[in-house]
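Naming follows writing order (A, B and C), and every chain is counted from residue 1.
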Amino acid sequence: MNTDRIEAAIEAILFTMGESVPLEKIAAALEIEEEEALAAIHRLMKHYESEERGIRIIELEDSFQMCTSKDFYETLIKVAKAPKKQVLTDVLLETLSIIAYKQPITKMEIEKIRGVSSDRAVSKLVEYGLCKELGRLDAPGRPLLFGTTEDFLRTFGVQSLEELPVISEDLVEQFKDEAEMELDEELEQDVEVQV
Amino acid sequence: MNTDRIEAAIEAILFTMGESVPLEKIAAALEIEEEEALAAIHRLMKHYESEERGIRIIELEDSFQMCTSKDFYETLIKVAKAPKKQVLTDVLLETLSIIAYKQPITKMEIEKIRGVSSDRAVSKLVEYGLCKELGRLDAPGRPLLFGTTEDFLRTFGVQSLEELPVISEDLVEQFKDEAEMELDEELEQDVEVQV
Amino acid sequence: MGINVKLQVFEGPLDLLLHLIDKNKVNIYDIPIVTITEQYLDYVNQMDKEDLNVVSEFLVMAATLLDIKSKMLLPKEVNEEGEEEDPRAELVEKLLEYKLFKHMSYELKDRQMDAEGSFYKLPTIPKEVAAYKPEVNLQELVGDVTLVRLNEIFEEVLRRQEEKIDPIRSKFGKIEREEVSMAEKLVQVQDYLRKNKRFCFREMLSKNSSKVSVIVTFLVILELIKTGFVQVEQERSDADIDITVVKDPELIGELELEE
């Protein structure tokens, strides 16, 4: 490996690790002497400093770490502050409605109802603070249970979950009847031709 | 902010965030036009590439992310945990390619093309984060629509959906030609009943 | 002693068909439907019948092939422009489309291998910056979605779920696996032919015939047409098929099924 390539390799290592990496480890990965590695790191450090880059390499007791240059904290704060474009998509709303009505509910049960894996939707709802983990179900695998938060109630302007519009037994029955009727019709058609 | 400083600021943002950052957000944080931000990012990208550095910047559908140069994979797996790699079966790849090219697409349409039920394949792809639900089709039964994710772009090293290997008219023609010709020996696989 | 035969696993009927077309080195636009259908049925007959779901998907295609095969024997239908329609055209289109996506999936696989070499990093947000993490504005997020709307969405979810469950079958304690082989069906059909000389296809189906059973019965009838035991007539494409027995059903026993 020539010196340029050693520098590039060290850059890649420090970038990927994010945390501080002992010189020893760097040298071992590159299969070179620690001295040679150290010299390369120092060249790399100077390089970053002299060009006033956004990244710095710092030394911490024989370890090295890549980090953000302090000059740009202001800019980073603006990035952090920038409002994320947040939208409740159909998928999120659907998942939220299931959690609201069926809580406490596991991810597996949500998946069973929706017919598709719902990991991401649940995570997003938790991230938004509309849902939270309520504990674990006392069953094999001890799956997490999810429910809605106080923020959910506040946002929708209700005091308690009892205020959720009721899903009547009648309605559920009605759905069942409808489904059965459709099937009966299909069957009848089948039977007709068999007579 | 002069151009050098803009580049350094972008470098700091991409480094700090680690994940992909939308161009829009970068421009807003720097209080510059998106065009100007984009030009700076492109300069930065070239810079890293031409100097054969250890870091690269990749574009993912109007977002940007820093990663390591592929050249250092061998060195990096010695120090860092190998990035999680999804082993995709032929069934998953086939389903994924249909979703990628035909999105937004329902499960039913996928099944029509593949000639087999694709429930499990689609669920697996969603679970792997390569596909996601895009919403529901405004049609009877309101079936779910699926599409690919940013992770899909990253996994397949594609900048944007437009950059997917093209299904060109040529290729379609080629298939037809192939079909019209006698097929090559190499296409023949011996898959007779194996005793 | 039985021989352990291991079949290559195909992803589905189209996959199998493409393989057969490749193997026979034939033109996809001019599929020798008799040969391909024979080989296709051969494969399906050797399939593990354990998974009825998988088998039935292959059987649907078998029925399509046999349908095409029988149409090829008839005078060609003519479309509005007065051109003769090839009964295979639709299948060819499907095969070409499937082949295209299969090809693209190999391309994607290559891309994946190329893209694998990069490493990423986790966010390393300095404390000073992390302190500014914005709160989610729930009011804005929720917008004009009300509880009533949420209720409607949930009702829709319930409705969809109800529609998905087949209310009749879900009431059965357990679903018995139904073995439907061509050979068994043939014996049943032979019995039916002894008693009935002229009848409709639908008449001969028992009341609770499963999809697979209907398909297999149809396959048996097609076989009997081929071997000259019955003749069929159909007035319109959606009309029932009239079947007339023209050869002594007792001779059916000598028939060798392609199994």
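Convention: a residue touches a chain if its C-beta (ideal position, glycine included) is under 8 Å from a C-beta of that chain, and two chains touch if they have at least 3 such contacts.
It should be emphasised that the depicted structure is a prediction, and the values quoted were computed from it without experimental measurement.
Relative to the whole-protein C-alpha centroid, the nearest chain centroid is that of B. Summarising the inter-chain layout, the chain whose CA centre lies farthest from the centre of subunit A is C.
Separating the centre of subunit A from that of subunit B, both taken as means of CA atoms, is a distance of 18 Å. For the pair subunit A and subunit C, the distance between mean C-alpha positions equals 38 Å. Rounded to whole angstrom, the centroid-to-centroid distance between subunit B and subunit C, based on C-alpha atoms, equals 31 Å. Multi-chain contact residues of subunit A (touching two or more other chains): 12, 15-18, 68, 76, 82, 115.
Residue positions 119-122, 124-126, 129, 163 of subunit C each touch two or more of the other chains. Residues 4-5, 7-13, 15-18, 21, 25-26, 28-30, 51-55, 66, 68-69, 71-72, 75-76, 78-79, 82, 89-91, 115-117, 119-121 of subunit A touch subunit B in their complex. For subunit B in complex with subunit C, the residues that touch the partner chain are 15-19, 56, 58, 65-71, 73, 76, 80, 83, 85, 88, 90-91, 93-94, 96-98, 100-101, 113-117, 141-142, 154-158, 165, 167, 171-172, 175-176, 179-183, 187-189, 191, 193-195.
Residues of subunit C that touch subunit A in their complex: 119-122, 124-126, 128-130, 132-134, 136-143, 145-151, 153-155, 157-159, 161-168, 202-203, 205, 207, 240.
Looking at the complex, you find that subunit C touches subunit B at residues 3-8, 11-15, 19, 21-23, 25, 27-29, 46, 53-54, 57, 61, 94, 96-109, 111-112, 114-126, 129, 156, 160, 163.
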